[in-house]
Structure formats: structure tokens, C-alpha cells
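Read through the structures below before going on.
One chain, chain A, links the two complexes that follow: it is found with chain B in the first and with chain C in the second.
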Partner chain A sequence: MTTFAKSLRWLHVNLFAKPFDTGLTLIVLPLLAWVLWGFLDWAIMLADWSVVLSSIKVLMTGLFPVEKLWLVWIALCLIAGLTGLASSTTMPFGRNALLAALALVALSLIAAAWFDTISAQTALVVASFFAVWAAGSRSETLRANLTGIAFGVLITVLLVLSPAGPSTWGGLLLSIVLTLTAALLTIPLGVLLAFGRQSRIASLRALCTGYIEVMRSVPLILVVYCIWVAFPLVAPQFPLPDVVRGLIGFTLFYSAYAAEFIRSGLQSVAKGQTEAAESLGLSDMDTKRIVILPQALRVAVPGLVGNILDIFNYAPLVFIIGLTDFLRAGQMILANPENSGRTYEIYVFLFLVYFAVGSVITFQARRLERKLAQGARK
Partner chain B sequence: MKKISLTLALSLMAAVPASAEVLEDVLARGTLNCGTDNTAPGFGYLNTKSGKMEGLDVDFCRAVAAAVLGDANKVNYVTVTDKSRFTAVQTGQVDVVFAHTTVKPGRESAITVDFLPIMFWDGTGAMVKTASGVKSINDLEGANLCTTQGSSTEAAIANILTAKGWKNQVLTYENLEKLYGALDSGRCDAMFTDKSALAAWRGNSAKPDDLTILPEIIEKSPFAGFVAANDSRWRNALRWITYGLIQAEESGITSANVEETKGSADPAIRKFLGVEGTFGADFGIPADFMAQAVAQVGNYGEMYDRNLGPTTTIAIDRKGTLNALWTEGGTMISPLWN
Partner chain C sequence: MTESQGQAIVRIKDLNKFYGSFHVLKDVDLEVARGEVLVVVGASGSGKSTLIRCVNGLEEYQSGNLEVDGFRMPRAEEREFGEVKGLRDIRRGVGMVFQQFNLFPHLSVLHNVTLGPIRVRGKSRDEAEAQAMQLLDRVGLRDQALKYPGALSGGQQQRVAIARSLAMEPHLMLFDEPTSALDPEMVGEVLDVMRELAREGMTMMIVTHEMGFAREVSDRVIYVDQGRITETSKPDAFFDNPQNERTRAFLSRVLKH
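Coming up: the complex of A and B.
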């Protein structure tokens, strides 16, 4: 009875508090219900989802050779493990996490029973996520070395995938590899650029400021295209694959943005901190490394995470240099005359996956911000 | 002295692109880097079931690989877009591009690529209801002609009306869907747009036989492959491979009968298939290059039927159009092989 009373109260407070609210609710709710009904009616009765199932390999990995798909699974396990470790720093493996883990394992088992072929590998990826999450929650050493481990995982992932040839990377795999690489490389580059912009050496300051301002005043697609065109002209003896040139373009572009977020962090650190560190006899380098940067990064984190989300969401722009990312893979499937009538199914699937990945990134960002805010209050 | 050094510098600069021998690179590498689109139905798209690239453009890549390297599967498909295709070939990232590219003078003069022979004619055409009995654009006097708003087709229709002195009503619609709806409801007697789009709408309609695409092309749009400029050896080899695929169809050589045709007594056929003569050696490629291309990929007619023929969902009519062989009233013709 109390639950009923509670829900009535919730309804009153949130939806029917004032005449205007009531009116709005009466308009919006039926509209939402109508849209949802229309969508569900289509999704269940009319849509033919078999096109997503039959093309799932292309959507996820593009033209990656089928006989080397096990490399992708290894890379996925590594990335899942890294995500697990990152999760352990923001939310240690508690009881709720355990419950969520069990629910997920059950879900993946059901999924495994459904689509037999990918069952074992999927279970392995999920398992590595939870194993590292649990290990990270227990071990302080693992958590402390997250940055180093992240770079190690990135290099291993690139090496593991390279036997198939970078030109075959595609689909969601390419989007994720691109995001991971650019996200990790932009932070050290951004730190260097931000310090360079505040440097006492005028030429260095001018160079860094110029770089940041130029990158921030041109569109991403232009930078990616220019790097793609310029590389074979400047260094024809080093034929870099399209994917690598795309990665370079994204990294160069977004490191300018990362630099600005970090600079705002640097400027937020009180001058007294530098003076105190200097009076303790710390060298200039140590002052920056031990005292200033940790405090600056704390302020810069929300912006940097936003940067990562941007990288993931703008990854489809690599189509301009002929790469097949997740969105382009969907369009490639629709170009097959057999699938020409399945436009909505493919786009709804793309939407759901983009939404899921984006939600995970923003969710982790919120946890991270909350954790950093706790540290600041101490 | 100054003049001499300037001349020397200029001739050095000119020598750089000419020294780039794509053919040598391809033979040394053992694979062909072929630029294609991967979102063009009928020309370059992925067959999701087999995981292989398919389409008319893709088949040309395969034919070149079969001719030059002896194996149609030795192709590395590099996806190119409308924006990147010319740069990709100029910077040597791909050896050749087959990506439904329209031959235009500026592309050879200003952008400087060398086009191969035309492999497909697309263009604006008209579709009518079969029941109307209209067989040609000449039968359309007084009919309601429809097209999409703001397209160059509108001007093309106006030109036809002026040329013929007709006073037809011309209606324009926002998009293809509404245009098709108008034809379907009888508001329009003929809809005008790209032939490949007409074929797609016809193929996806409930009863394709109720609709007829008229044979004429109003605004022609010829497609051809292209290579980087100033590399005659490579360009000429590919030019004659393209011609050879057309010649094979004319001579009746197909993937099924190419082996027995090698035993033919006709000296022209024997030279064409590399049983005798030095066609291949002179180009710097294997003697049986045309035999390999036809055996592994098929002649032009087989390639067309596989990708755009009546059994496909696109089904672009070939008979009586520019894409038919010259012996059947079309434009597909090869110079003499002797």
C-alpha cells in the first residue's frame, strides 16, 4: 500500500503538480506513447532483423579476413580488460557490481544459446572484463599503473591486429581502435602543448600557440584529408596505410583541443602552489610533474572525456579517406541490392550501438568526476 | 648558363613522374591495388553473405589482376570516394581506379588522370507504364513529363521539347519517391531521372513488368576506369585489356569455351588468346593475358549480365542501348587485334 501511495505521490509531484504541468503531461505522454507504439509495432511486426544478423561480421569488423577473426577476439579481450581496470578505479567491485556481473553473464549465456557461433568468444570477453575489474578492485598496484597499462594495451592491440593488414580494419572495430588510440595519445601531446604555450621560451610559446590556434580554427575533416594527401607527397618512401594516416590526423587535431582543456586546468591551480613547491626546493620539472599537473588534470578531466566522446562520434568522417568505419559499414551493407529495403533496420541498429557506447563513456565520466570531486574536498 | 640549368631542372621534374612504372610495381608486388567504391549497387558493393566485393567495377579489377598477374583474386580493394579517387591514383596509393567515374575533359586536362576506354554508359532516361504502349521518347507528344526539382534533367527535358516543337506539361516533384508515386497514380505519363535509379525503382516495384524503361539516353554519362597520367606502358596495357574484354564478347569467347577456343585455326583468335604472337610480351605482361581474364572473369557481356543483367535486381536493359555491342547497334567496340 505504501508503494502505491509513494508512486501516487511521485506522480503528483513530478507530473501533475500545477495545472500547466498537468496540461503538459496530458499532451506529452500520449504523444510519447504513440511514437513508442508506432516504433514497437514496426520493430516487432514489420522489421526484418535478419539483415543485421547476417551482416553482423561486416558491421563489427568490416572486411577483416574471416580466418583471422580470432585476432579481433584477443584484441577485444584486452580492451574489455582495460575497461574493467578503468572501472575498478571509479567503482570498486562491490556487491551491486557482483549482481550486475551475474546478470550480464546470464544474459550472455542466453545470447550464446541463441547465436551458437559466437558464444565462447563473447563469454571470454565478458569474463576478461569482470576478471580484471575484480583484480583491479583488490590490487592497489594495478590501479596505480593504469596509465602505463593503458598504453601497453593500446600497443598490444595494434600489434595483435596488424597481421591482418590495417587496410582490412573496419566497422565498429575501426571506430574503437581509432577512439582508443587518439584518446590515449592526445593526452600526453596535450600536456606538452599546454606547457609549451605557457613556456618562458618565446619561440616555443609561439609555436605551440600557433599550432593550437590553427588546429582549432579548421574543420576535422580538412585535417584528416590533408594528412592523407600530404604524407605520400612528403615521404613517398614510407607508404603508411590509410588507417595510420587517419589515426595521425585525428590525434594531431584533437591534441590541440586536449591542450586547451589542460591549459584551463593549469590556470586553475593557484600561484601559491608553485611558490610553495619552489620554496621547498623542488626543481622546475618536479614542481610541474608532482604538484601542478595532478591538480590541473583533475580540472581538465570533464573536458578530456568530452573530447573522447567527440573522437568516437566523429570517427565516421574517416570515410573521406576511403576507410570503412561503423556508419560506412552500414551504408556498405545497404548498397547490396538484396538489402536495399532494409534501411531502417540497419540505421536503428547503428543508432542503438552508438547510443550504448556513448552512454558507457558518459557514465564512466560522471563516476570519474564524482571521485575526483571527493578528492578535492579532503 | 642560367637557361641550361633551368631546362635541366625542368626536364628532371618532368622525368620524375615518367620514371614511375606502375606495371613494374604491380608485377613486383604480386597484387593489384584497385580503387573501387563500396556503396554503389551494381558497380562496387559487398556481398554480405560471401564477404566478397561484387559489381561491374570490381569485375574489371579482377579482370586486370587475372590478365597482369594470372590470378583474379590477387586484388587489394582500396575504397575510394568521389573526393579521394583522383588523389589516390596520383599519389600511387592505387594502381587503377574503377569507381563509376564519368569521363569529362577537365579530368584529363586539369586533374590529369588518363581514362581507359568507356566500360558503361549511364545517363538520364525515362520510364512509362507498359500499358501506355509508349516505346520511345518520340511517342511522348502531349504526355505529362515529370522529374525531380532542381535537377539538370529539367533543362534537358526543356531542350527536347524545344527541339521537337512540342508543348507538353512538365511537372516537378520534391524527391524520387513522390516522382514515382505520381507515375504510379497516373498523374504523370513518364518519369525522367538516372537510368540506374529508374531500374532500381522498377526492380523494387510490386510488378516490374508493368513498367517500361525507354531505351533512349537524354544526357549521357560514360563511365571508365582511370590511371595516373604519363605512364603509357601501364595505361596502354589496361586500355587493351578493357578492349579485349569487349572483343572477346564480339568473337564469342566466353569463360566456358576459352580453353577449346585456343585450339581454333583462326590466326586472329590464336594471337588474341596468346597461343601465338607477341601481344602480351610487347606489353610486358603474360602472353595469355586475355585468355586468363576471360577464363577467370568472363567477357564484357558476361560481366554485364552478372552485375546488371536481367537476373539481377537492378536489371538495366542492354539491348538496343549504348551499352550493346556495335554489331547490335550499341557503342561497345574494340579496335582490331592484329
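Coming up: the complex of A and C.
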């Protein structure tokens, strides 16, 4: 079949198979075209994107001191490397990836030269993503220790950023740090809570059940606010910065949800698995850690990823305790009278960035699910 | 090969078990000698699976006595406080093969077989893998070692399950309807492995519906009816000349087709 015939056939099957399909296509396609045309027309002809460029530092890092911005670049390289390592566990680095790497590095260098603001550092971040991706694809040891490395990277990132003072963290940087920390902490806490909820010891069971149910029945914003207010009252000798209190609030709140996803995973593991492990003489601990938990997590992954997305998307709520996350940074820029009339540009930019980060998370998660499903049927 | 008292590996005396108010096992008395192959038959729901599950503590019992290798298995009330001391030591010496195989689906075949020896027996990985390959060879699955259980047929999975149990070097193997979940053409390969084990002198308690196999390999057959052992005989006597009316009825039902 010629390509032309193939395309015709594709059109027929996918768009014009039946009268109803044809009708729908004739309504939807022009509508989409109209919306896209309108948007592009505005984006290219009318919009003034200089506002995004001039305020990019605030959008990305909030009030982070300019002279210490190099710390942020180091942190970004670390996070990019971690993402690269995560990628290597789900898709091995191949020739296509190498080409994409070179293209992206070249592109970011050109962009850097063009805009003159985000110089070579961007290329460095992209390069560290691909470098670790390639390294991870070759080294079994690196991939096997992903969890440990992730926690190591998290702690290093927090340490690297801390000289600037947590109260200066803001913008997209804050959203990402918040998501990364809460995502990594909620999973182990969720595991503990889920097992606690099934414990033989009634007091522990009651405690975990109570905790989960309370957290699930109150709004996130309330938990974050309560922790923020209550912490200095309960432990005045430990003056924690707002950011850390916010992190604690998010972590405490979302670990209850993580626990429920993990619990449903635990319940999906057949009883025969425990029996087989027990009859081998495995200890309770080994049975849970080696036999039950990996199978439970496999089932819990979609839920846990949804959780992480939630954390990222609800991060703007930290404005209630006076923090400036990405969305809030955008609003702050609009509050400047110089930028009045640039509302659409800023919001479109926010939208695109949120969409991009969210897509990366879901894309990785889909790969992970597919990977976990291998050799796991039955 | 029959029971001189000192040689018994399993000693069951007046054992009673309830599920709530349902009386599953009633005054069971049974001894299994070292090296003996005991086949347990009975209608479904008669309690025969429950009986062998009690032997490695997967089920608890309410009264009576159950000793394995000289260790008295804990009763229900003794297990209310969690893990019982000594139970794990007994379990590692008692292999169990399940109807549903219960392989660990997230671990490779090799890893399934080495898990117990490494984590429980404290063997090194190399040592455990060498042993596992030997066992997989023995059950005819050497070349499947790196696959995941989901990629194997039922018969192959059950043979892996047997290898997994054997890796713990048990003195007693329990088989809970090992071929009941298999397609008919795969039953033979599993029975062959079990036959081989019996020939090597492994002590075995087998719940099965494969009557031909039972007659061929067993030293003794017991019939369980509504939670009671109603007949205990040598295999030939059991199949040719059953004493009990209900045994006769059961045998005529299962041997007919």
C-alpha cells in the first residue's frame, strides 16, 4: 500500500468510519483549529513575552539571593541527574537518546546565547540528566540503589540550598523541592502506617487507623496551617523556618493517602504468598520486606504517582503560610504595575510549565508501571 | 518402614480443630514415621488439607497434641501473642507444596529457590545458587532459572515450587493437592518428581486425588471423613479391600472415571 493510500485508510478508520464519527469530526476538528489559530495568533502577534524573560529569575527561584544562584544550578544538576537515573531504570539509554541529548544540549546553548540570561548552566543541567541516564543504563549497581541515591540527592539538595536561608526559597524551585521531599518521605511513612494499620497490636492499629482517618477527613490547607501555627508553640526551642514547617505539613498529610494506596496494594497480595514465605521459615520482617511489600507497591504505584502529582499541583497552597511558590511568584509579578496587562502571558507561561512538569511525572510513571508489570503477570 | 515409636517424625494425638463453631478435625490420632510416604484421601471439605496444614503450623488447633520432630506445635491460644519461639525452626525443616504453587511472582525462578537458603539458612549467594541450579536440574528446569514464574506453565511452576522447598533440605515434605490446579497433561511431570523423591526416602504427607499414584508410591493411606480418620491401611488393602462403607463409596466414585 502506498503511503497515500495508508493515510487515506487511517483517515477513514479513525475519523470518518461512520456517519456519526464523520459528524463529530466535522464539528471537533474545525473547533480545535479555530482555538489553536486564535491562540497562536495571540501568542505570536499580540503577546509580549518579554515580561516572562525579565521576571524569569523570580518565577523560578522567588527571592533567592542573586549572588547565590549558582547553588540553585548545582541543586538543579543533582535533580536532573536523579531524573536521569530514574529514567535509566525504565528505559535504557540508546542511540536515539544520545541524538536527543546532543540536540537538546545544542538547543539550550543556542537558547542561552540568544537570551543571554540562562547561559551555559542550562546546558549543564541538561547534560547531567543525560550523563546520569547513560551511566545508569550501564551500571546495575547504580540502578539497584536508586532509593538510597534518591534520599542522598534529596538531602544534598537541601544542604546545597540551605546557605541562602530557606525563607528565600521560592518560585518553581520551591514547588520542586517541596514535591521531591514530600514524595520521598510520604512513601516510607505510608508503608509504616499501612503495616501499622494491619498490626496485631491493637494500640498501634488504633493509632495508625486514627491518624490516617483524621488526615483524610480534613483539608490539606488546614493541616499545613495548623502545623505552621502549632509547631512554635509545641517546640519553641526548635525555631523551624516556614518552608520546613510547610514541608512537614505536606508530608504528614500526604503520607495518610500514601498509606491507603499501599494498604490496598497489601490487600491485593494473595494469602498464599505469606503462607509460602512462612513455610520456608522466613521471619515476619523478611516476609513483609522481600515477599509482600514489592508486590504491594507494584499495585500501589499508580495511586502513589497520583499522590505525587497532587503534591506538586497543590504546592501553591503554601502561600497561606507566606511562602512564594511558582504560582504565587507569577501573581507577585503581576502585582507590579509595570507588568499590568501582561496577565495572559504570565498565566500561559505558568500553565505550560505546570503542564510540562506534570507530563514528565506521568510519563515516567507510565514507563515504571510497564516495567513493573514485566514478569509479574499472575 | 512402619512406625516404631522412636522413629516417628509427626505425632498427632487427640487433635481437635474448629473454625469458629465448625468442628473441622475430630480426635485425630496419627503418626508418621521417618521415610514413610503417607497419602491422605477424602472427599472435598473433609478436612484433609487442614490436617496437613496443621503439621507446619499454617493452621492452629484448639486441643490435643501435635509434635513435629519432637517440637510441640503451638495451639491456638498460644499463638495469640504473635510469633512463637521455635516454630520457625520447625518450619524451615518442613517443606510445603501448595495447590496454587504460590511462587513469588516478582522474583526470578532462581531467586525463588535461593531466597530461603540465603535468608533463613544463612548461605552465601554463590553457595545457594549452585545448590538451586542442582535442584532445578533435578526437576528438569535448569534452563528456566532466569525466567519469572509467570512465564512458566503450571506444571513447571509446581516443579519450581518443589525445588524451592527442597532447597531448605527438609526432613518432611507436605503436599497439599499438588496437581489439582494443573491441566491434565502436566500432572505427570509433577508426579514424576514426587515419585523420585519418594524413592530417595523422603518423608512425605500427600493430599491427592491421583489414586493410581497414591497406590504406587505410598506406604500407607488414610481416609478422612468429616474430620475423622476412618480408615488407615496399606495401599493394596486400601484400594482392593476397603473396610469402611464410606471409603468404598468414595473409591467407587473416584475410580469410576
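Heads up, the rule we're going with is that the second predicted complex is superposed on the first by the 375 of 378 C-alpha atoms of A that agree within 3 Å, B and C clash if a C-alpha of one lies under 4 Å from a C-alpha of the other, contacts with A are read in each partner's own complex, and residues count from 1 in each chain.
Keep in mind that, in the parts below, contacts are C-beta pairs under 8 Å (C-beta built on N, C-alpha and C of every residue); 3 or more make two chains touch, one makes a residue touch a chain.
Remember, it's a predicted structure, so these values are computed and weren't measured experimentally.
*Asks:* According to the stated criteria, A:Val234 is in contact with first (chain B), second (chain C), both, or neither; which is it?
*Replies:* Neither partner.
*Asks:* In the overlaid three-chain picture, which partner chain does A:Gln273 touch, first (chain B) or second (chain C), both, or neither?
*Replies:* second
*Asks:* Chain B or chain C: which reaches more residues on chain A?
*Replies:* B
*Asks:* Check the residue A:Ser283 against both partner chains and state whether it touches chain B (first), chain C (second), both, or neither.
*Replies:* Only chain C is touched by A:Ser283; chain B is not.
*Asks:* Which of the two partners, first being chain B and second being chain C, lies in contact with A:Ser55: first, second, both, or neither?
*Replies:* first
*Asks:* Quick check on the output: what are the common chain A residues between the chain B footprint and the chain C footprint?
*Replies:* No residue sits in both footprints.
*Asks:* What residues on chain A touch chain C, complex-wise?
*Replies:* It comes out as residues 200, 270, 272-273, 275-284, 286, 290-291, 294-295, 298, 374-378.
*Asks:* Please name which positions on chain B make contact with chain A in the complex.
*Replies:* On the chain B side, the touching residues are 35, 38-42, 45-49, 51, 76-81, 83-84, 87-88, 91-93, 200, 203-204, 312-314.
*Asks:* Where on chain C does chain A make contact in their complex?
*Replies:* Contact set of chain C toward chain A: 56-58, 82-83, 88-89, 91-92, 94-96, 98, 100, 102-106, 108, 115-116, 119-120, 147-151, 161, 164-165, 168.
*Asks:* Would you mind writing out the residues of chain A in touch with chain B in their complex?
*Replies:* For chain A paired with chain B, touching residues are 54-55, 57-58, 63, 66, 167, 225, 228-229, 232-233, 236, 239, 242, 319-324, 328, 331-341.
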